[in-house]
Amino acid sequence: MFEHFAQFFFFLDLIAFIAVIGMHLVKSNTNIIRLYFLQSLSVGVLLFSVGLVEGEHSLLWIGVLTLVIKSIVAPIFFARLLRRFSAQQSANNYLSVPLTLFVLLLLVLFSYSNTFLPLGVLAPEALGSISLGLASVFMAIFLLINRRGAFSQMIGILALENAIVLLASFIGLEQPIALEVGIIFDIVIWIVIATAFISMMYRQFKSLDVSRLTHLRED
Amino acid sequence: MNTLLFIFQLLIVPALSPLGIGFIRKVKARMQNRVGASVFQPYRDLWKLFQKDEVISEDASWIFRFSPYLIFAITILIGASIPVIAAVPVALDFLPSFSFLPAGDFLVIIYLFALMTFFLALSGMDTGSAFGGFGSSREMMVAALAEAGLLFSLLAVSVTAESGNVVAMVGNLQYLPLQALFPLLIAFLAFIIALLAENARFPVDNPATHLELTMIHEAMILEHSGKRLALMEWAAANKLLIFILLAVNLFFPWGVSLSYDSFSGLLVSTLLVVGKSAILLFGIAFLESTMAKFRIFRVPDLLLTSFVLGVIALAISITF
Amino acid sequence: MLLTYLIATPFLAALFIALLPASRTRLIEKVIALACGIELGLGLLLIPHVLETGKVQASSLFAVDALGSFLMLIISLVGFFVSLYSIGYLRAEVAKGIIGPRRVRQYFILFELFLFAMYLAVGTVNPVVMWIAIEATTLATAFLISFYNKPSATEAAWKYLLLNSLGLLLGLLGTLMFLALPEEKSGMLSWNELLTLAPSMHPLAVKIAFIFVLVGYGTKIGLAPLHSWLPDAHSKAPSPISALLSGVLLNVAFFAVLRFKEVADGALLDTFTSQLLIFFGVFSIVVAALIIFIQKNYKRLLAYSSIEHMGILALGFGFGGIGIFGALLHMLYHALAKSLLFLLAGNIFLKYSTTKLKNISGVGKALPLSGVLFFGGFLMITGFPPFGIFTSKLLILSAGTGQFMVLVGVILFLLALVFFGFFTHVNRIFFGPLPEGMHPGEANLFTQVPVLLLAALIIVLSWHFPETLDTLIRAAASGFLQK
């Protein structure tokens, strides 16, 4: 179906991109987890396919590892966490939906603008994918800023990490398996610590709404 | 030969549109564990309505009497201009300049639909009924916002296909590599939202509601009866089928035949178009059975999403 | 070999403590003191080796040059004093019943892991390993910041975790871009290889990559406008941890930026990186200077002072020339002086149990030793002669007088503002009546000896700068003066 694998990779990039847009628009935490699952799935499949195409066995294993950890273990873990604290709902934004959409549009236009054209030297044949990946990075950062719930902010960081891994694979970087495993291990520990914090916050504040955390105001 | 094809293109959309409506209703019924009416029931409903007497309010003006014909005529015109199973412009044998090709320009299509909505809204207000009035005002709001999404999604397709004419677009898109067509996925999402809004489907409007306060499209045709009602209902069915055909043929153009010559090509094309349309119709029915209708204040957010997705798709397609 | 031991010791110490039961607090304390003593010794021993051979290699992944060993010296020096102080601090807290032995053990495990991660970050030649190590410091310190489990501490730790991870991910993106720029892209490029490949990199792409690195790691350094997590995190953490965070971690993050600056300068051959550093430096100084005046909490005061000093560092590296030498000096002096101040703040907290300035008075009477040293520390940190920071600030600002005369004038004014703000606060808490019911006196031996030694060290270093240290700093600075 796909003439080159480049098209398949671009397709996966697009899926991840749509997933990040979706994360801004959905209102419930469970849906955010589903979109994160979708994004991790596309990243994992991408890594796996690149490994297949280029014959790099290490990438195959990394892809499988990514799929297992980010697409299966993490969402289940999060779903259980949400169920424990009954926080399935209420993932609100600081900006209203129209303004959020407008900012997303500006971010996409920004990453497709001439400012980032020099990055094309990194991988001239994949400029479209690079711009898309860069747009996903910016939108993930915006997700972090815009969301009120601590849980959504955590998913924002994880989505950002996914977007960066995606972008890195498009600029053609080959990393030894040890480094990739190191980064994944880092993220796993991060998830563990972040969920511990979320549990702590929920116990202390009875809500995950970050805008209610006002203890640190200068007083 | 061309004359026959001309008449075929003219009649195919009105002929099949009630089937589309019937199919959606059947799927919904099945999902609700009912047997449901037969898929051909809308034909019988139209036939019944054409036999009945009409009652027209005394306060209605010429607009009320004239609009249904205009609206129906517009849908026939557009239906004849879009590629159904073949992306070929046909003209009459004896009058080659009389072809539907100019009406196939996507901007013309959008504005013909806007003309249709305009008269629909006017006829809704024409009888002075309160329900018709607020149906018209809601319809105007929805149409105004949905037009942006519709326009930009089709613009993205047009830019990718390097043509303004829907018939030519299908031809061009078939020859492009897949990578150029992927941004159209985003445009497809935008188009689907616009489709749901323009055709009074969930989550914007409930076509099967009987509660006047929740109506948008239904409210405007509340005062019609007899053959005018039949024409309005038929026109709505035509509009839905036109949107569906545009969606499947523009965004997933593979398989649409590029000439009327090869019979096997036409057969494959017919099967593919029917299959894709069926999937889309099923999707709409599924959406209607599983989702709740949005409250009216959430509809602008949805339509704005469609708009922004359309612009994003356009931005991505331009850089290719 | 030395290097391997230096990096491995904290990890082994953490492992060992993890295996001990929580009740053997005395043993844990001995292990800590021993480990940090060993690290200090190794850090000092490393210097002559590096000066002799230019760099010390432990394996293909780990090596230090002059700049690296300078950072390691800072880490081991401050780590030594802070660990000894922690023993005393935690003993006092246990005596007051705030925490129990299990928490003490948890503290020391995380403490050693924190040090391990910092040594790892400085000692590795691979940018990605350095990133992993710095991310590990974030993870290790998150729980240390929320140590007291109060709502404000949890909130500060969450903000810290989130903003630092965001910054570090952006830094990762910049790192990966840098690694992908040369023709033969590989994740295993070392700093030296990147340096040699630098001239072949596409300049505009290098600029974009460097911006990502600066914004990303700059968040970790605390450069404005990405500094909002710093005052919260550094004030809510236990004081010894704040000392390490402010004094050492910020420098390690700056080290990362410096490495990339070297590579970028090799590729760009213009003043792009310097201009960016100057911009962020000035911005940080302005923000910090304006807020110090209205501070109401002495630990936040010290945290904003850290932001200001990081701005001065950025300024020094941005100005170039003698400013680089001054900036490296400043790194050392600031690390020592800021940790001193934070440890003393810990003493004040132990005595007064509050961090709000308006509730404290009479420190001079209640804590004679700490009070005097605090006053001295304030003089040190604001650049009062003859202390070291005066010299380093002078060097940095003189480097800027050539091109940026107006800027230097503005900075001087702001620094004077900072001095004034600090002065009013310190004055108020030092003099004044003793609160009723408070007995003068320090907590225990371990809270006094380290601070005394640290203060003595700063005074000695300000008067008589050792020859070897001077050579080391010159060697480290030479890497930046290639133009």
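Labels for the chains are A, B and C, by order of writing; each one numbers its residues from 1.
Following the convention adopted for this analysis, contacts are C-beta pairs under 8 Å (C-beta built on N, C-alpha and C of every residue); 3 or more make two chains touch, one makes a residue touch a chain.
Keep in mind it's a predicted model, so treat the numbers as computed, not measured.
> Following contacts chain by chain, what is the lowest number of steps it takes to reach subunit C starting at subunit B?
The least step count works out to 2.
> Select the chain whose centre, defined as the mean of its C-alpha atoms, is least distant from the mean of all protein C-alpha atoms.
Taking the mean of C-alpha atoms per chain, the most central one is A.
> At what distance in angstrom does the C-alpha mean of subunit C lie from that of subunit B?
Result: the chain centres lie 65 Å from each other.
> Using mean CA coordinates as chain centres, what's the gap between subunit A and subunit C in Å?
31
> Nearest whole angstrom, what separates the Cα centre of subunit A from the Cα centre of subunit B?
Chain centroid spacing, subunit A to subunit B, equals 36 Å.
> Help me check something: in the complex, which residues belonging to subunit A touch subunit C?
Checking each residue of subunit A against subunit C gives 115-116, 118-119, 121-123, 137, 141, 144, 150, 153-154, 157, 160-161, 164, 167-168, 171-176, 179, 182-183, 186, 189-190, 193-194, 197, 200-201, 204-205, 210, 213, 215-216, 218-219.
> If we count contacts the way the header does, which residues on subunit A are in touch with subunit B in the complex?
Its residues touching subunit B are 1-3, 6-7, 10-11, 14, 18, 21, 25, 97-98, 101-102, 104-105, 108-109, 112, 127-128, 131-132.
> Quick check on the complex: what are the subunit B residues that touch subunit A?
Those in contact with subunit A are residues 177-179, 182-183, 185-186, 189, 300-301, 304-305, 307-309, 311-312, 315-316, 319-320.
> Spell out the residues on subunit C that touch subunit A in their complex, using ranges where they run on.
Contacts found on subunit C: 126, 128-129, 132, 135-136, 139, 142-143, 146, 149, 151-152, 154-159, 161-162, 165-166, 169-170, 172-173, 176-177, 179-181, 185-188, 202, 204-205, 207-208, 232, 294, 296, 300.
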